[in-house]
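A single structure is presented below for examination.
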(Lines give C-alpha, C1' and ligand atoms only; values in the text may rest on other atoms or scores of the structure.)
Protein backbone atom coordinates (compact mmCIF):
# COMPACT_ATOMS: atom_id res chain seq x y z
CA UNK A 1 0.00 0.00 0.00
CA UNK A 2 1.39 3.36 -0.96
CA UNK A 3 0.76 5.98 1.66
CA UNK A 4 -1.47 8.81 0.55
CA UNK A 5 -0.15 12.34 -0.01
CA UNK A 6 -1.07 15.26 2.22
CA UNK A 7 -3.65 16.64 -0.19
CA UNK A 8 -5.27 13.22 -0.57
CA UNK A 9 -5.46 12.74 3.20
CA UNK A 10 -6.91 16.21 3.63
CA UNK A 11 -9.60 15.71 0.97
CA UNK A 12 -10.41 12.32 2.46
CA UNK A 13 -10.85 13.81 5.93
CA UNK A 14 -13.00 16.68 4.73
CA UNK A 15 -15.28 14.46 2.66
CA UNK A 16 -15.64 11.95 5.49
CA UNK A 17 -16.61 14.73 7.84
CA UNK A 18 -18.98 16.48 5.44
CA UNK A 19 -22.70 16.07 6.01
CA UNK A 20 -23.55 16.91 2.40
CA UNK A 21 -21.97 16.17 -0.97
CA UNK A 22 -19.37 18.83 -1.78
CA UNK A 23 -18.19 20.50 -4.95
CA UNK A 24 -14.48 20.52 -5.69
CA UNK A 25 -14.47 24.25 -4.97
CA UNK A 26 -16.03 23.77 -1.55
CA UNK A 27 -13.47 21.09 -0.70
CA UNK A 28 -10.68 23.31 -1.94
CA UNK A 29 -11.91 26.08 0.34
CA UNK A 30 -11.24 23.82 3.30
CA UNK A 31 -8.10 22.15 2.08
CA UNK A 32 -6.40 25.11 0.49
CA UNK A 33 -4.92 23.32 -2.50
CA UNK A 34 -6.16 22.09 -5.86
CA UNK A 35 -8.19 18.95 -5.24
CA UNK A 36 -8.83 17.49 -8.67
CA UNK A 37 -5.93 15.07 -8.69
CA UNK A 38 -6.45 13.98 -5.06
CA UNK A 39 -10.15 13.38 -5.78
CA UNK A 40 -9.34 11.10 -8.69
CA UNK A 41 -6.67 9.30 -6.68
CA UNK A 42 -9.12 8.79 -3.81
CA UNK A 43 -11.88 7.58 -6.12
CA UNK A 44 -9.46 5.02 -7.54
CA UNK A 45 -8.28 3.99 -4.07
CA UNK A 46 -11.82 3.43 -2.82
CA UNK A 47 -13.12 1.80 -6.01
CA UNK A 48 -12.94 -1.78 -4.74
CA UNK A 49 -13.61 -1.07 -1.10
CA UNK A 50 -16.72 -1.25 1.07
CA UNK A 51 -17.05 2.50 0.78
CA UNK A 52 -16.78 4.34 -2.54
CA UNK A 53 -16.08 7.91 -3.50
CA UNK A 54 -18.61 9.04 -6.09
CA UNK A 55 -19.35 12.23 -7.98
CA UNK A 56 -22.98 13.23 -8.50
CA UNK A 57 -23.74 16.39 -10.38
CA UNK A 58 -20.23 17.74 -9.71
CA UNK A 59 -20.57 17.07 -5.99
CA UNK A 60 -18.48 14.43 -4.31
CA UNK A 61 -19.37 12.17 -1.43
CA UNK A 62 -18.51 8.83 0.10
CA UNK A 63 -21.16 6.15 0.18
CA UNK A 64 -21.30 2.44 0.89
CA UNK A 65 -20.75 0.08 -2.01
CA UNK A 66 -24.04 -0.88 -3.69
CA UNK A 67 -23.38 -4.63 -3.49
CA UNK A 68 -23.39 -4.43 0.32
CA UNK A 69 -26.91 -3.04 0.49
CA UNK A 70 -28.22 -6.27 1.96
CA UNK A 71 -26.01 -5.89 5.03
CA UNK A 72 -27.13 -2.39 5.76
CA UNK A 73 -30.77 -2.40 4.85
CA UNK A 74 -31.63 -4.75 7.67
CA UNK A 75 -32.88 -2.50 10.39
CA UNK A 76 -33.54 0.51 8.29
CA UNK A 77 -36.89 1.82 7.28
CA UNK A 78 -37.54 1.98 3.61
CA UNK A 79 -37.85 5.63 2.62
CA UNK A 80 -41.46 6.60 2.17
CA UNK A 81 -42.82 5.04 -0.99
CA UNK A 82 -43.61 7.53 -3.67
CA UNK A 83 -47.08 7.28 -5.24
CA UNK A 84 -47.33 6.39 -8.90
CA UNK A 85 -48.25 9.98 -9.66
CA UNK A 86 -45.15 11.03 -7.75
CA UNK A 87 -42.86 8.66 -9.64
CA UNK A 88 -44.22 9.74 -13.02
CA UNK A 89 -44.07 13.40 -12.18
CA UNK A 90 -40.50 13.03 -10.97
CA UNK A 91 -39.54 11.20 -14.16
CA UNK A 92 -41.17 13.88 -16.29
CA UNK A 93 -39.36 16.66 -14.44
CA UNK A 94 -36.05 14.81 -14.67
CA UNK A 95 -36.26 13.99 -18.37
CA UNK A 96 -37.84 17.24 -19.53
CA UNK A 97 -36.51 19.88 -17.20
CA UNK A 98 -37.14 22.74 -17.00
CA UNK A 99 -40.81 21.89 -17.30
CA UNK A 100 -44.05 23.65 -16.40
CA UNK A 101 -46.91 22.13 -14.54
CA UNK A 102 -49.04 22.34 -17.68
CA UNK A 103 -46.43 20.34 -19.58
CA UNK A 104 -46.42 17.67 -16.87
CA UNK A 105 -50.19 17.52 -17.10
CA UNK A 106 -50.10 17.28 -20.88
CA UNK A 107 -47.92 14.17 -20.64
CA UNK A 108 -49.79 12.52 -17.79
CA UNK A 109 -53.26 13.38 -19.10
CA UNK A 110 -54.46 14.39 -15.65
CA UNK A 111 -54.10 17.40 -13.45
CA UNK A 112 -51.08 17.38 -11.17
CA UNK A 113 -52.48 17.01 -7.69
CA UNK A 114 -51.42 19.76 -5.36
CA UNK A 115 -49.51 17.42 -3.11
CA UNK A 116 -47.52 15.68 -5.83
CA UNK A 117 -45.01 18.41 -6.56
CA UNK A 118 -44.95 19.35 -2.89
CA UNK A 119 -43.86 15.85 -1.94
CA UNK A 120 -41.09 15.92 -4.54
CA UNK A 121 -39.92 19.31 -3.34
CA UNK A 122 -40.08 18.23 0.28
CA UNK A 123 -37.92 15.24 -0.58
CA UNK A 124 -35.46 17.76 -2.01
CA UNK A 125 -35.52 16.25 -5.49
CA UNK A 126 -37.37 18.97 -7.34
CA UNK A 127 -37.16 22.74 -7.10
CA UNK A 128 -38.83 25.67 -8.81
CA UNK A 129 -36.34 26.95 -11.36
CA UNK A 130 -37.63 30.33 -12.49
CA UNK A 131 -40.40 31.18 -14.87
CA UNK A 132 -40.95 30.63 -18.53
CA UNK A 133 -41.21 33.85 -20.47
CA UNK A 134 -44.54 33.10 -22.09
CA UNK A 135 -47.96 34.58 -21.30
CA UNK A 136 -48.79 33.87 -17.67
CA UNK A 137 -45.07 33.41 -16.86
CA UNK A 138 -45.60 29.90 -15.45
CA UNK A 139 -43.13 28.47 -12.95
CA UNK A 140 -40.81 25.84 -14.30
CA UNK A 141 -39.50 22.93 -12.27
CA UNK A 142 -36.15 21.18 -12.38
CA UNK A 143 -34.29 18.55 -10.39
CA UNK A 144 -31.77 19.31 -7.65
CA UNK A 145 -28.21 18.11 -6.97
CA UNK A 146 -29.75 16.07 -4.18
CA UNK A 147 -31.85 14.24 -6.77
CA UNK A 148 -28.70 13.17 -8.62
CA UNK A 149 -27.05 12.09 -5.35
CA UNK A 150 -30.07 10.13 -4.21
CA UNK A 151 -30.47 8.20 -7.45
CA UNK A 152 -26.75 7.75 -7.98
CA UNK A 153 -26.50 9.76 -11.18
CA UNK A 154 -23.30 11.50 -12.19
CA UNK A 155 -25.39 13.88 -14.30
CA UNK A 156 -28.75 14.03 -16.04
CA UNK A 157 -27.12 12.39 -19.05
CA UNK A 158 -26.94 9.25 -16.90
CA UNK A 159 -30.71 9.06 -16.47
CA UNK A 160 -31.76 5.57 -17.52
CA UNK A 161 -32.56 5.44 -21.22
CA UNK A 162 -31.95 9.16 -21.70
CA UNK A 163 -30.16 8.79 -25.02
CA UNK A 164 -32.64 6.28 -26.41
CA UNK A 165 -35.59 8.43 -25.45
CA UNK A 166 -34.04 11.45 -27.01
CA UNK A 167 -33.11 9.60 -30.18
CA UNK A 168 -36.64 8.18 -30.44
CA UNK A 169 -38.08 11.68 -30.08
CA UNK A 170 -39.99 10.60 -27.00
CA UNK A 171 -38.88 13.71 -25.15
CA UNK A 172 -40.32 15.97 -27.84
CA UNK A 173 -43.79 17.38 -27.37
CA UNK A 174 -46.59 15.64 -29.27
CA UNK A 175 -47.05 18.56 -31.67
CA UNK A 176 -43.42 18.44 -32.70
CA UNK A 177 -43.45 14.65 -33.00
CA UNK A 178 -46.54 14.93 -35.16
CA UNK A 179 -44.74 17.23 -37.57
CA UNK A 180 -41.84 14.81 -37.74
CA UNK A 181 -44.19 11.90 -38.44
CA UNK A 182 -45.93 13.81 -41.21
CA UNK A 183 -42.66 14.75 -42.85
CA UNK A 184 -41.58 11.14 -42.71
CA UNK A 185 -44.75 10.03 -44.44
CA UNK A 186 -44.31 12.57 -47.17
CA UNK A 187 -40.77 11.41 -47.93
CA UNK B 1 -50.47 -3.30 -14.60
CA UNK B 2 -50.55 -6.50 -16.62
CA UNK B 3 -54.33 -6.56 -16.78
CA UNK B 4 -55.72 -7.50 -20.16
CA UNK B 5 -58.98 -6.49 -21.68
CA UNK B 6 -60.79 -9.48 -20.24
CA UNK B 7 -59.44 -9.22 -16.75
CA UNK B 8 -59.56 -5.50 -16.29
CA UNK B 9 -61.13 -4.81 -13.02
CA UNK B 10 -63.80 -2.21 -13.17
CA UNK B 11 -62.43 -0.38 -10.23
CA UNK B 12 -62.09 3.09 -11.65
CA UNK B 13 -60.25 4.33 -8.60
CA UNK B 14 -57.31 2.30 -9.86
CA UNK B 15 -56.85 4.52 -12.90
CA UNK B 16 -55.35 7.90 -13.02
CA UNK B 17 -57.65 9.25 -15.65
CA UNK B 18 -58.66 8.05 -19.11
CA UNK B 19 -55.16 8.22 -20.58
CA UNK B 20 -53.92 5.90 -17.87
CA UNK B 21 -56.73 3.47 -18.60
CA UNK B 22 -56.03 3.67 -22.33
CA UNK B 23 -52.37 2.94 -21.76
CA UNK B 24 -53.25 -0.13 -19.69
CA UNK B 25 -55.55 -1.31 -22.45
CA UNK B 26 -52.89 -0.61 -25.07
CA UNK B 27 -50.32 -2.61 -23.15
CA UNK B 28 -52.87 -5.40 -23.11
CA UNK B 29 -52.52 -5.61 -26.89
CA UNK B 30 -49.02 -6.90 -26.20
CA UNK B 31 -47.45 -5.15 -29.15
CA UNK B 32 -45.04 -2.29 -29.49
CA UNK B 33 -46.98 0.88 -28.84
CA UNK B 34 -45.83 2.12 -32.21
CA UNK B 35 -47.62 -0.75 -33.88
CA UNK B 36 -50.73 -0.56 -31.79
CA UNK B 37 -54.19 -0.61 -33.37
CA UNK B 38 -55.92 2.54 -32.30
CA UNK B 39 -59.21 1.24 -33.58
CA UNK B 40 -58.97 -1.86 -31.42
CA UNK B 41 -58.00 0.32 -28.49
CA UNK B 42 -61.04 2.51 -29.01
CA UNK B 43 -63.24 -0.57 -29.09
CA UNK B 44 -61.77 -1.77 -25.84
CA UNK B 45 -62.23 1.55 -24.10
CA UNK B 46 -65.82 1.88 -25.25
CA UNK B 47 -66.51 -1.72 -24.20
CA UNK B 48 -65.03 -1.00 -20.83
CA UNK B 49 -67.29 2.00 -20.44
CA UNK B 50 -70.33 -0.06 -21.49
CA UNK B 51 -69.69 -2.62 -18.81
CA UNK B 52 -69.08 0.05 -16.22
CA UNK B 53 -72.38 1.60 -17.13
CA UNK B 54 -74.14 -1.77 -16.97
CA UNK B 55 -72.79 -2.17 -13.44
CA UNK B 56 -74.08 1.32 -12.75
CA UNK B 57 -70.69 2.53 -11.71
CA UNK B 58 -70.35 6.22 -11.27
CA UNK B 59 -68.17 7.40 -14.14
CA UNK B 60 -66.15 10.54 -13.74
CA UNK B 61 -66.80 13.21 -16.34
CA UNK B 62 -63.37 12.98 -17.95
CA UNK B 63 -63.90 9.28 -18.70
CA UNK B 64 -67.19 10.10 -20.41
CA UNK B 65 -65.63 12.93 -22.37
CA UNK B 66 -62.91 10.58 -23.53
CA UNK B 67 -65.53 7.99 -24.43
CA UNK B 68 -67.45 10.51 -26.53
CA UNK B 69 -64.27 11.66 -28.21
CA UNK B 70 -63.17 8.09 -28.96
CA UNK B 71 -66.62 7.24 -30.35
CA UNK B 72 -66.26 10.18 -32.68
CA UNK B 73 -62.74 9.11 -33.61
CA UNK B 74 -63.94 5.57 -34.31
CA UNK B 75 -66.67 6.66 -36.70
CA UNK B 76 -64.29 9.06 -38.43
CA UNK B 77 -61.71 6.32 -38.86
CA UNK B 78 -64.29 3.90 -40.27
CA UNK B 79 -65.85 6.33 -42.73
CA UNK B 80 -64.22 6.76 -46.12
CA UNK B 81 -61.62 9.47 -45.88
CA UNK B 82 -62.98 12.88 -46.75
CA UNK B 83 -60.09 15.32 -47.22
CA UNK B 84 -62.41 18.21 -46.39
CA UNK B 85 -62.95 16.93 -42.86
CA UNK B 86 -60.75 18.66 -40.38
CA UNK B 87 -59.06 17.54 -38.31
CA UNK B 88 -57.85 14.51 -40.16
CA UNK B 89 -58.93 11.43 -38.14
CA UNK B 90 -55.67 9.65 -38.89
CA UNK B 91 -53.85 12.55 -37.37
CA UNK B 92 -56.08 12.40 -34.29
CA UNK B 93 -55.31 8.71 -33.94
CA UNK B 94 -51.61 9.33 -34.37
CA UNK B 95 -51.73 12.08 -31.79
CA UNK B 96 -53.35 9.73 -29.29
CA UNK B 97 -50.73 7.11 -30.02
CA UNK B 98 -47.91 9.61 -29.52
CA UNK B 99 -49.38 10.64 -26.19
CA UNK B 100 -49.58 7.05 -25.06
CA UNK B 101 -45.98 6.43 -26.11
CA UNK B 102 -44.82 9.41 -24.12
CA UNK B 103 -46.71 8.49 -21.00
CA UNK B 104 -45.49 4.93 -21.34
CA UNK B 105 -41.88 6.10 -21.68
CA UNK B 106 -42.13 8.20 -18.54
CA UNK B 107 -43.80 5.41 -16.60
CA UNK B 108 -41.06 3.05 -17.67
CA UNK B 109 -38.17 5.38 -16.85
CA UNK B 110 -39.82 6.30 -13.56
CA UNK B 111 -39.77 2.65 -12.59
CA UNK B 112 -36.14 2.31 -13.68
CA UNK B 113 -35.26 5.39 -11.69
CA UNK B 114 -36.90 4.00 -8.56
CA UNK B 115 -35.06 0.72 -8.98
CA UNK B 116 -31.62 2.33 -8.91
CA UNK B 117 -29.27 2.05 -5.98
CA UNK B 118 -30.67 4.83 -3.92
CA UNK B 119 -28.87 6.81 -1.30
CA UNK B 120 -30.45 6.05 2.05
CA UNK B 121 -32.02 2.81 0.82
CA UNK B 122 -29.32 0.81 -0.95
CA UNK B 123 -26.23 2.86 -0.43
CA UNK B 124 -25.54 4.95 2.62
CA UNK B 125 -23.72 8.10 3.44
CA UNK B 126 -21.60 8.26 6.54
CA UNK B 127 -23.81 7.68 9.54
CA UNK B 128 -22.10 10.02 11.94
CA UNK B 129 -20.16 12.66 10.05
CA UNK B 130 -18.24 15.09 12.23
CA UNK B 131 -19.56 17.92 10.11
CA UNK B 132 -17.76 20.87 8.63
CA UNK B 133 -18.02 24.25 10.20
CA UNK B 134 -17.83 27.50 8.41
CA UNK B 135 -17.29 30.27 10.84
CA UNK B 136 -18.45 33.30 8.95
CA UNK B 137 -17.62 36.78 9.97
CA UNK B 138 -19.34 39.52 8.09
CA UNK B 139 -17.19 42.14 6.46
CA UNK B 140 -19.72 44.90 6.10
CA UNK B 141 -19.40 46.88 2.96
CA UNK B 142 -20.60 50.43 2.79
CA UNK B 143 -18.92 53.46 1.27
CA UNK B 144 -18.88 57.12 2.09
CA UNK B 145 -21.09 57.91 -0.84
CA UNK B 146 -23.68 55.43 0.43
CA UNK B 147 -23.65 57.19 3.75
CA UNK B 148 -24.06 60.68 2.32
CA UNK B 149 -26.76 59.47 -0.04
CA UNK B 150 -28.59 57.78 2.80
CA UNK B 151 -28.58 60.92 4.90
CA UNK B 152 -29.70 62.97 1.94
CA UNK B 153 -32.51 60.53 1.44
CA UNK B 154 -33.57 60.65 5.07
CA UNK B 155 -33.34 64.42 5.15
CA UNK B 156 -35.27 64.81 1.94
CA UNK B 157 -37.90 62.43 3.23
CA UNK B 158 -38.43 63.95 6.61
CA UNK B 159 -37.48 67.61 6.38
CA UNK B 160 -40.15 70.03 5.22
CA UNK B 161 -39.57 71.06 1.65
CA UNK B 162 -40.16 74.76 2.46
CA UNK B 163 -38.04 76.20 5.16
CA UNK B 164 -37.99 79.71 6.55
CA UNK B 165 -34.66 81.51 6.56
CA UNK B 166 -34.38 83.94 9.47
CA UNK B 167 -34.27 87.54 8.29
CA UNK B 168 -30.58 88.30 8.51
CA UNK B 169 -28.82 91.15 6.75
CA UNK B 170 -25.49 90.27 5.23
CA UNK B 171 -22.92 92.08 3.18
CA UNK B 172 -21.41 89.93 0.49
CA UNK B 173 -17.70 89.93 -0.32
CA UNK B 174 -18.48 91.43 -3.72
CA UNK B 175 -20.39 94.31 -2.17
CA UNK B 176 -17.61 94.92 0.36
CA UNK B 177 -14.95 94.96 -2.37
CA UNK B 178 -16.93 97.44 -4.42
CA UNK B 179 -17.53 99.74 -1.49
CA UNK B 180 -13.92 99.59 -0.30
CA UNK B 181 -12.52 100.42 -3.75
CA UNK B 182 -14.93 103.33 -4.09
CA UNK B 183 -14.13 104.77 -0.63
CA UNK B 184 -10.35 104.29 -0.92
CA UNK B 185 -10.49 106.40 -4.05
CA UNK B 186 -11.44 109.45 -1.97
CA UNK B 187 -9.39 108.70 1.18
CA UNK B 188 -5.75 109.71 1.26
CA UNK B 189 -4.77 109.14 4.88
CA UNK B 190 -4.74 106.11 7.11
CA UNK B 191 -8.24 105.21 8.18
CA UNK B 192 -9.52 102.56 10.53
CA UNK B 193 -11.39 99.79 8.73
CA UNK B 194 -14.54 100.58 10.69
CA UNK B 195 -14.79 103.91 8.81
CA UNK B 196 -15.47 102.03 5.60
CA UNK B 197 -18.46 100.11 6.91
CA UNK B 198 -22.03 101.02 6.04
CA UNK B 199 -24.45 102.06 8.79
CA UNK B 200 -26.95 99.47 9.94
CA UNK B 201 -27.85 96.95 12.56
CA UNK B 202 -25.26 95.13 14.62
CA UNK B 203 -25.80 91.98 12.57
CA UNK B 204 -25.15 93.79 9.34
CA UNK B 205 -22.08 95.51 10.76
CA UNK B 206 -20.54 92.24 11.87
CA UNK B 207 -21.11 90.73 8.45
CA UNK B 208 -19.80 93.89 6.77
CA UNK B 209 -16.67 93.90 8.95
CA UNK B 210 -15.88 90.33 8.06
CA UNK B 211 -16.48 90.90 4.35
CA UNK B 212 -14.58 94.20 4.32
CA UNK B 213 -11.62 92.59 6.05
CA UNK B 214 -11.51 89.85 3.43
CA UNK B 215 -11.90 92.49 0.72
CA UNK B 216 -9.01 94.47 2.22
CA UNK B 217 -6.79 91.38 2.22
CA UNK B 218 -7.64 90.77 -1.41
CA UNK B 219 -6.88 94.38 -2.37
CA UNK B 220 -3.61 94.22 -0.43
CA UNK B 221 -2.67 91.14 -2.37
CA UNK B 222 -3.30 93.06 -5.56
CA UNK B 223 -1.15 95.93 -4.28
CA UNK B 224 -4.03 98.41 -4.29
CA UNK B 225 -4.11 98.98 -0.56
CA UNK B 226 -1.70 98.96 2.38
CA UNK B 227 -2.69 97.59 5.77
CA UNK B 228 -1.28 98.58 9.14
CA UNK B 229 -1.83 97.07 12.56
CA UNK B 230 0.37 97.84 15.56
CA UNK B 231 -0.22 94.60 17.40
CA UNK B 232 -2.74 91.73 17.58
CA UNK B 233 -6.27 92.99 18.15
CA UNK B 234 -5.14 96.60 17.69
CA UNK B 235 -7.12 98.78 15.29
CA UNK B 236 -6.58 97.97 11.63
CA UNK B 237 -5.70 100.89 9.32
CA UNK B 238 -6.06 101.09 5.54
CA UNK B 239 -4.49 103.41 2.98
CA UNK B 240 -4.78 103.44 -0.79
CA UNK B 241 -1.75 102.40 -2.80
CA UNK B 242 1.15 100.05 -2.15
CA UNK C 1 -2.69 -1.98 -3.09
CA UNK C 2 -4.18 -5.31 -2.19
CA UNK C 3 -7.89 -5.51 -2.60
CA UNK C 4 -9.79 -5.99 0.64
CA UNK C 5 -11.58 -9.23 1.40
CA UNK C 6 -15.36 -9.53 1.57
CA UNK C 7 -15.46 -9.42 5.36
CA UNK C 8 -13.23 -6.38 5.45
CA UNK C 9 -15.39 -4.54 2.89
CA UNK C 10 -18.53 -5.45 4.81
CA UNK C 11 -17.15 -4.23 8.14
CA UNK C 12 -15.92 -1.06 6.46
CA UNK C 13 -19.37 -0.32 5.05
CA UNK C 14 -21.21 -1.12 8.26
CA UNK C 15 -18.95 1.07 10.37
CA UNK C 16 -19.09 3.87 7.82
CA UNK C 17 -22.87 3.89 7.79
CA UNK C 18 -23.25 3.43 11.55
CA UNK C 19 -24.64 6.37 13.46
CA UNK C 20 -22.84 5.34 16.63
CA UNK C 21 -19.64 3.53 17.53
CA UNK C 22 -20.22 -0.23 17.37
CA UNK C 23 -18.96 -3.20 19.33
CA UNK C 24 -17.43 -6.12 17.45
CA UNK C 25 -20.51 -8.15 18.33
CA UNK C 26 -22.88 -5.59 16.89
CA UNK C 27 -20.85 -5.46 13.68
CA UNK C 28 -20.82 -9.23 13.55
CA UNK C 29 -24.62 -9.25 13.80
CA UNK C 30 -24.74 -7.28 10.57
CA UNK C 31 -21.94 -8.95 8.73
CA UNK C 32 -22.52 -12.54 9.78
CA UNK C 33 -18.88 -13.54 10.17
CA UNK C 34 -16.18 -13.06 12.75
CA UNK C 35 -14.95 -9.51 12.50
CA UNK C 36 -11.84 -9.38 14.66
CA UNK C 37 -9.35 -9.96 11.89
CA UNK C 38 -11.14 -7.63 9.43
CA UNK C 39 -11.25 -4.90 12.11
CA UNK C 40 -7.52 -5.14 12.66
CA UNK C 41 -6.85 -5.20 8.93
CA UNK C 42 -9.04 -2.12 8.47
CA UNK C 43 -7.41 -0.28 11.35
CA UNK C 44 -4.03 -0.95 9.77
CA UNK C 45 -5.25 0.11 6.35
CA UNK C 46 -6.61 3.41 7.62
CA UNK C 47 -3.71 4.11 9.97
CA UNK C 48 -1.90 6.53 7.67
CA UNK C 49 -4.95 7.94 5.97
CA UNK C 50 -7.07 11.08 6.47
CA UNK C 51 -9.57 9.01 8.39
CA UNK C 52 -8.67 6.46 11.05
CA UNK C 53 -10.49 3.49 12.45
CA UNK C 54 -10.27 3.66 16.20
CA UNK C 55 -11.49 1.58 19.09
CA UNK C 56 -12.69 3.36 22.21
CA UNK C 57 -14.02 1.30 25.07
CA UNK C 58 -14.51 -1.73 22.82
CA UNK C 59 -16.51 0.27 20.33
CA UNK C 60 -15.22 0.97 16.87
CA UNK C 61 -15.71 4.01 14.75
CA UNK C 62 -14.13 6.10 12.02
CA UNK C 63 -12.85 9.51 12.87
CA UNK C 64 -10.88 12.23 11.17
CA UNK C 65 -7.12 11.92 11.67
CA UNK C 66 -6.30 14.16 14.64
CA UNK C 67 -3.70 16.16 12.73
CA UNK C 68 -6.34 17.18 10.17
CA UNK C 69 -9.01 18.35 12.60
CA UNK C 70 -8.20 21.97 11.78
CA UNK C 71 -9.45 21.47 8.23
CA UNK C 72 -12.98 20.83 9.43
CA UNK C 73 -13.33 24.35 10.68
CA UNK C 74 -12.88 27.29 8.44
CA UNK C 75 -12.99 30.96 9.25
CA UNK C 76 -14.14 33.09 6.44
CA UNK C 77 -14.82 36.76 6.00
CA UNK C 78 -17.89 37.33 3.98
CA UNK C 79 -18.35 40.66 2.33
CA UNK C 80 -21.89 41.76 3.01
CA UNK C 81 -23.74 44.84 1.96
CA UNK C 82 -25.31 46.90 4.66
CA UNK C 83 -29.07 47.12 4.21
CA UNK C 84 -30.69 50.39 3.29
CA UNK C 85 -32.12 50.70 6.78
CA UNK C 86 -28.63 50.08 8.13
CA UNK C 87 -26.99 52.80 6.08
CA UNK C 88 -29.70 55.30 6.93
CA UNK C 89 -29.47 54.55 10.62
CA UNK C 90 -25.71 54.87 10.53
CA UNK C 91 -25.99 58.21 8.73
CA UNK C 92 -28.45 59.51 11.33
CA UNK C 93 -26.21 58.46 14.21
CA UNK C 94 -23.26 60.15 12.52
CA UNK C 95 -25.10 63.42 11.91
CA UNK C 96 -27.02 63.63 15.15
CA UNK C 97 -24.96 61.84 17.77
CA UNK C 98 -25.49 61.25 20.60
CA UNK C 99 -28.94 60.11 19.60
CA UNK C 100 -31.55 57.80 21.10
CA UNK C 101 -33.33 55.11 19.23
CA UNK C 102 -36.57 57.06 19.43
CA UNK C 103 -34.83 60.04 17.87
CA UNK C 104 -33.47 57.90 15.07
CA UNK C 105 -36.97 56.66 14.41
CA UNK C 106 -38.34 60.18 14.43
CA UNK C 107 -35.73 61.29 11.91
CA UNK C 108 -36.02 58.23 9.68
CA UNK C 109 -39.79 58.33 9.81
CA UNK C 110 -39.93 54.54 10.28
CA UNK C 111 -39.24 52.17 13.14
CA UNK C 112 -35.66 50.99 13.59
CA UNK C 113 -35.42 47.24 13.93
CA UNK C 114 -33.35 46.08 16.87
CA UNK C 115 -31.17 44.09 14.52
CA UNK C 116 -30.19 47.20 12.60
CA UNK C 117 -28.36 48.81 15.51
CA UNK C 118 -26.89 45.43 16.46
CA UNK C 119 -25.39 45.08 13.01
CA UNK C 120 -23.89 48.57 13.22
CA UNK C 121 -22.42 47.79 16.61
CA UNK C 122 -21.12 44.44 15.39
CA UNK C 123 -19.46 46.23 12.50
CA UNK C 124 -17.80 48.45 15.09
CA UNK C 125 -19.21 51.70 13.74
CA UNK C 126 -21.69 52.55 16.43
CA UNK C 127 -21.46 52.25 20.20
CA UNK C 128 -23.78 52.93 23.10
CA UNK C 129 -22.64 56.19 24.60
CA UNK C 130 -24.39 56.43 27.94
CA UNK C 131 -27.94 57.40 28.75
CA UNK C 132 -29.93 60.55 28.32
CA UNK C 133 -31.08 61.98 31.62
CA UNK C 134 -34.74 62.14 30.72
CA UNK C 135 -37.61 59.92 31.87
CA UNK C 136 -36.86 56.33 30.91
CA UNK C 137 -33.14 57.13 30.66
CA UNK C 138 -32.86 55.89 27.09
CA UNK C 139 -29.53 54.73 25.72
CA UNK C 140 -27.86 57.10 23.34
CA UNK C 141 -25.73 55.98 20.44
CA UNK C 142 -22.66 57.55 18.88
CA UNK C 143 -20.12 56.64 16.24
CA UNK C 144 -16.75 55.11 17.01
CA UNK C 145 -13.23 56.09 15.93
CA UNK C 146 -13.39 53.00 13.72
CA UNK C 147 -16.32 54.61 11.92
CA UNK C 148 -14.25 57.67 11.05
CA UNK C 149 -11.35 55.49 9.94
CA UNK C 150 -13.55 53.32 7.76
CA UNK C 151 -15.03 56.29 5.94
CA UNK C 152 -11.76 58.17 5.74
CA UNK C 153 -12.97 61.06 7.85
CA UNK C 154 -10.65 63.09 10.06
CA UNK C 155 -13.58 64.10 12.23
CA UNK C 156 -17.34 64.25 12.16
CA UNK C 157 -17.07 67.83 10.91
CA UNK C 158 -15.90 66.34 7.59
CA UNK C 159 -19.35 64.94 6.97
CA UNK C 160 -20.94 66.86 4.12
CA UNK C 161 -23.42 69.47 5.34
CA UNK C 162 -26.91 69.97 4.11
CA UNK C 163 -25.74 72.51 1.51
CA UNK C 164 -23.19 70.04 0.18
CA UNK C 165 -25.85 67.39 -0.05
CA UNK C 166 -28.16 69.76 -1.85
CA UNK C 167 -25.42 70.84 -4.24
CA UNK C 168 -24.64 67.22 -4.98
CA UNK C 169 -28.29 66.67 -5.85
CA UNK C 170 -28.75 64.30 -2.93
CA UNK C 171 -31.70 66.26 -1.64
CA UNK C 172 -33.34 66.38 -5.04
CA UNK C 173 -37.06 66.61 -4.37
CA UNK C 174 -37.76 64.89 -7.70
CA UNK C 175 -36.65 61.63 -6.16
CA UNK C 176 -38.66 62.23 -3.07
CA UNK C 177 -41.93 60.63 -4.10
CA UNK C 178 -40.11 57.58 -5.38
CA UNK C 179 -38.03 57.20 -2.25
CA UNK C 180 -41.05 57.42 -0.02
CA UNK C 181 -42.75 54.70 -2.03
CA UNK C 182 -39.73 52.44 -1.78
CA UNK C 183 -39.38 52.96 1.92
CA UNK C 184 -42.98 52.08 2.44
CA UNK C 185 -42.54 48.82 0.54
CA UNK C 186 -39.43 47.98 2.43
CA UNK C 187 -40.92 48.41 5.86
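Quick notes on this structure:
Order of writing sets the chain letters: A, B and C. Residues in each chain are counted from 1.
The rule is simple: contacts are C-beta pairs under 8 Å (C-beta built on N, C-alpha and C of every residue); 3 or more make two chains touch, one makes a residue touch a chain.
Just so it is clear, the model here is predicted, and its values are computed rather than measured.
Nearest to the common centre of all protein CA atoms is the CA centroid of chain B.
Placing every chain at the mean of its C-alpha atoms, the farthest one from chain C is found to be A. Spacing of chain B relative to chain C, judged by their CA centroids, is 26 angstrom. Taking the mean of the C-alpha atoms as each chain's centre, chain A and chain C sit 30 Å apart.
Computed centre separation for the pair chain A/chain B is 28 angstrom, with centres defined by C-alpha atoms. For chain A, the set of residues that touch two or more other chains comprises 14, 16-17, 30, 62, 64-65, 72. Counting partner chains per residue, chain B has residues 124-126, 130-132 touching two or more of them.
Partner chain C is touched in their complex by these residues of chain B: 124-128, 130-144, 146-158, 161. Residue ranges of chain C in contact with chain A, taken from their complex: 1-4, 8-14, 16-17, 30-32, 45, 48-51, 62, 64-65, 68, 71-72, 74, 76. Partner chain A is touched in their complex by these residues of chain B: 16-20, 62, 91, 94-95, 98-99, 101-103, 105-114, 116-126, 129-132.
Per the touch definition, chain C reaches chain B in the complex via residues 13, 16-20, 61-64, 72-82, 84, 86-88, 90-92, 94-95, 107-109, 119, 122-123, 125, 151-153, 159-160, 162, 165, 168, 170-173, 175-176, 179-180, 183.
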